[in-house]
Amino acid sequence: MDSTTDTDKHWRERLYVMIFQTDTVAGRRFDSILLLIILASLVIVILDSIDEVHQNYANVLAYIEWGFTLIFAIEYGLRLYCSPKPLRYAFSFYGLVDLLAIVPGILALYYSDAQYLLIIRVIRMLRIFRVLKLSPYLKQAHYLLDALRGSKQKILVFLLSVCTLVTVFGTLMYVVEGPEHGFTSIPKGIYWAIVTLTTVGYGDIVPKTVIGQIISSMVMITGYSIIAVPTGIFTAELANALRGEQLKHDCPVCRKDNHEHGAAFCSRCGNALFPKVVQGN
Amino acid sequence: MDSTTDTDKHWRERLYVMIFQTDTVAGRRFDSILLLIILASLVIVILDSIDEVHQNYANVLAYIEWGFTLIFAIEYGLRLYCSPKPLRYAFSFYGLVDLLAIVPGILALYYSDAQYLLIIRVIRMLRIFRVLKLSPYLKQAHYLLDALRGSKQKILVFLLSVCTLVTVFGTLMYVVEGPEHGFTSIPKGIYWAIVTLTTVGYGDIVPKTVIGQIISSMVMITGYSIIAVPTGIFTAELANALRGEQLKHDCPVCRKDNHEHGAAFCSRCGNALFPKVVQGN
Amino acid sequence: MDSTTDTDKHWRERLYVMIFQTDTVAGRRFDSILLLIILASLVIVILDSIDEVHQNYANVLAYIEWGFTLIFAIEYGLRLYCSPKPLRYAFSFYGLVDLLAIVPGILALYYSDAQYLLIIRVIRMLRIFRVLKLSPYLKQAHYLLDALRGSKQKILVFLLSVCTLVTVFGTLMYVVEGPEHGFTSIPKGIYWAIVTLTTVGYGDIVPKTVIGQIISSMVMITGYSIIAVPTGIFTAELANALRGEQLKHDCPVCRKDNHEHGAAFCSRCGNALFPKVVQGN
Amino acid sequence: MDSTTDTDKHWRERLYVMIFQTDTVAGRRFDSILLLIILASLVIVILDSIDEVHQNYANVLAYIEWGFTLIFAIEYGLRLYCSPKPLRYAFSFYGLVDLLAIVPGILALYYSDAQYLLIIRVIRMLRIFRVLKLSPYLKQAHYLLDALRGSKQKILVFLLSVCTLVTVFGTLMYVVEGPEHGFTSIPKGIYWAIVTLTTVGYGDIVPKTVIGQIISSMVMITGYSIIAVPTGIFTAELANALRGEQLKHDCPVCRKDNHEHGAAFCSRCGNALFPKVVQGN
């Protein structure tokens, strides 16, 4: 009986490595196959939403969908089984997403509308970053996130200004154009202001009066110009992020505060950046 | 009576610190609550503009609005009372905005349309920057404003060019397409040119003739390309503001005090900027 | 008689300085007033194009327009009179524009449509740069033009690629969607491709078939992404133009090739940038 | 016979140089003329697609088209004839494109719709880069490609994020708005999300419900903001490619060969990079 438990433990460990880790060949193959299945299940959901397909193949697609739900259920069970701390996994972000990927499939047996919740499986696609973990892609995503984090505050100031602008202009247009030209309420006016400021311009609500068109022109030129702000912020931050895993350290002599990565001496005055260490040598 | 005046003066001073300053806990809490009330009053105005809400809750909302007007009126009175120079406050930018935030509420008693003027209260939201004063946000807004100020003249040149472009193209389209295709006047043509150049593209006025479509294509490609100009201006300025560099150091020989970022020697007299170090070698 | 000629010559010279130059107070005031008159004449043309205004004030506006044409004609005569080389002025760029600003006004007496040609007067507004000559604005326009000139070749490569793209996609959509969905010819398809690629999106011609919508999606994402190209080109060039009226000269020792404006010694190695000169000293 | 073969060989070689190379005057002239013919043939295809032109000049255009096809067929024959390795050319990229430029013209004799395939000749326009080979344009295109290659991974991460976003938002809108407002299927919803996110905004499908408009607003602001991402990536890379800097110089002591732009001392060993100079002082 001992050996059985041992084998069992061994199995669970191998399974854990395969399912949860991506360092081994098996682990990466597992994640790749999983991603393909998730993708396939998404395609089925999308296809099923098309009327013509639904009318002809509703049953086939439903069976396939159940199959996918079964596969994901088994996968979820295996994850719980082989995880050393099942509860911790169950309440982790990925654990909840994995559960959410099964529930709508079961609900869909009773409520047919529930199947669209299956699109939540798209979140599981985030695992793609785990597959790409060892590739240089993560580093690139890291740069992008670094740049975003660095510009967080500036972007917040920018978004606050945009919110104020669309509120003021939306109200103004509601008062100027009025319900007879489609501006039926202030929220509608704000919606119009967003459509216009972002240069999307659906054309479902357009100014008809002269004053309205003058205000619109101002909103458009504003929107056209301030697109420069997020771009400028992000570019400047990204350039910073790309330039520098630079060493931040004041040179004790010339106060130069940015140095090459790995620099031991200041490139401007030639003095040791960490003099005590050099003395100790 | 003396002590009463003293207490009164003491009270006014405490009130002044609380209402006008944001350095104390009480002051910041006051401004935070004020912001929330302003926000709530804006939400009420916005809700009241929705037809269904207005039909069912017009009275309730009107009472709430009067309440807010009362609160703001009391606040305005307190500001006048505790300010050391009441007149100076009354005619300052914030003082006028604070007054404007009350007037429409009173006017709305007589003219129901006046209530939309209440949206002017959104300007009071500017106080949010006073609350954020001590946070790093102001520094970020400072960077943005620095970059904007630095690019002011370039942006003016750019806007002048845009105005010339839309005037010429608007007139051209008015002559080419004419009133039967929606281009009823030159201002309408200019409005169309702005809608097109900014890539908003409502589609309420579109070229129908072949020549009109060729001209439109030129306007679109122009608009698509010159969006690079404000972005480029702003990015270059922001990058400058962020880098903010140049070495500030008096050359020991010729007293030149601004040097290139990585300068080891003065570019005017050729002397080492950090002579002791070089000697020490 | 001699003194008369002398006075006359003196007058012509004073007039020349006032009309053609902007260095004196009188000269600048003359150009400012001229700009205002041009602007007023443009406003009249624009107002006259509005149907309601035209029906009520056609006569008044026509008289005013004749007045402006008279003023410009007198100005043109004075320029010819006081110019030392009248013919050279008459055939210069500004001379032709000045003439073109009068002709449509005279033509309008016979053909009423000719009056829209008056918009050509907007070109005269270019004189605004002469008025701003002594201001820092010209330097800023100079930076922008420098950046544009520097990126000319890259922008040409970019525009060629865009032309190829819209031709291919326009033809593709003509074949896929066909005349029944508004794509009546290949040029129409190209027009649609430009409207879509530049993210204008009028909505006058939209894809109806599934394949058409897939192709559109590709065009849109392409257009959304390649907007980065002109922006990137321009920003990089502008940053270069802003950084540098840097001295381009290879340091004879360390080969550093960019130096501060006015540098006599290399800031990296401290050697004289122009050794012979220093030896000669 | 020998001399004939010799002459023949000589002829083939001269032809090869003229047709395949662009270093000689004749070679460049050949390519220029070829480009003009391709352009003319494209114009004919485009003109023929216009209904009015087709009805009146169908025959003339067909004859001209056959003429162009004949010219291209002869050119293809000559290329095969003078190429030292005809098969290698036939299966090269350019060889296949050259063949594809003829086939539709022949097919068009039997199926009239095949003529639109002639637009494939636009690919032959790629030869334009061969004509421009010796000009500075290639260097500029090189910079652009360098910047694109450098940002390839970041752009992939970005496109993946965009795909996820449009899938999620498209499904959400399908569920929220439903078929009665034009969102007839999830793919349609995704198409709408792309139209909105890229700020194209046709207006053929627009949100009608309040929740739908709130979601749209979020999509628009997202699209308006993340346009900064490709721009930022590309600008940062292009700025890098343009700067292209870093000092290439072997440190005389530790042989470190890459140094900071303005380095006077090696940042690893602290020794002067240009020792003679310092000694000379």
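Assorted remarks:
Each chain carries a letter (A, B, C and D) given by its place in the written order, and its residues are counted from 1.
Note that a contact is a pair of C-beta atoms (placed from the backbone, for glycine too) under 8 Å apart; a residue touches a chain by one contact, two chains touch by 3 or more.
Given the structure is predicted, the values throughout are model-derived calculations rather than measurements.
Distances between chain centres, each the mean of the C-alpha atoms, put D farthest from chain B. A count of C-beta contacts for the chain pairs B-D and A-C puts B-D on top. Comparing the residue numbers each copy contributes, chain A and chain D share less than half of them at their mutual interface.
Chain A and chain D have CA centres that are 30 Å apart. With centres defined as mean CA coordinates, chain D is found 41 Å away from chain B. Mean C-alpha position of chain A lies 42 Å from that of chain C. The multi-chain contact residues of chain B, meaning those touching 2 or more other chains, are 187, 190, 199-203, 223, 227, 231, 233, 235, 237, 239, 260, 262-265, 272, 278, 281.
Listed in rising order, the residues of chain A touching chain D in the complex are 42, 45-46, 49-51, 116, 119, 122, 125, 128, 136-137, 140-141, 143-144, 147, 155, 159, 162, 187-188, 190-191, 194-195, 197-204, 223, 227, 230-231, 233-235, 237-239, 242, 259-260, 262-272. Across the interface of their complex, chain C is touched by residues 199-203, 231, 235 of chain A. Within the complex formed with chain B, the residues of chain A that make contact are 153-154, 156-158, 160, 164, 167-168, 171-172, 174-175, 179, 184-187, 190, 196, 199-203, 206, 210, 213, 216-217, 220-221, 223-225, 227-229, 231-233, 235-236, 239-240, 253-256, 267-271.
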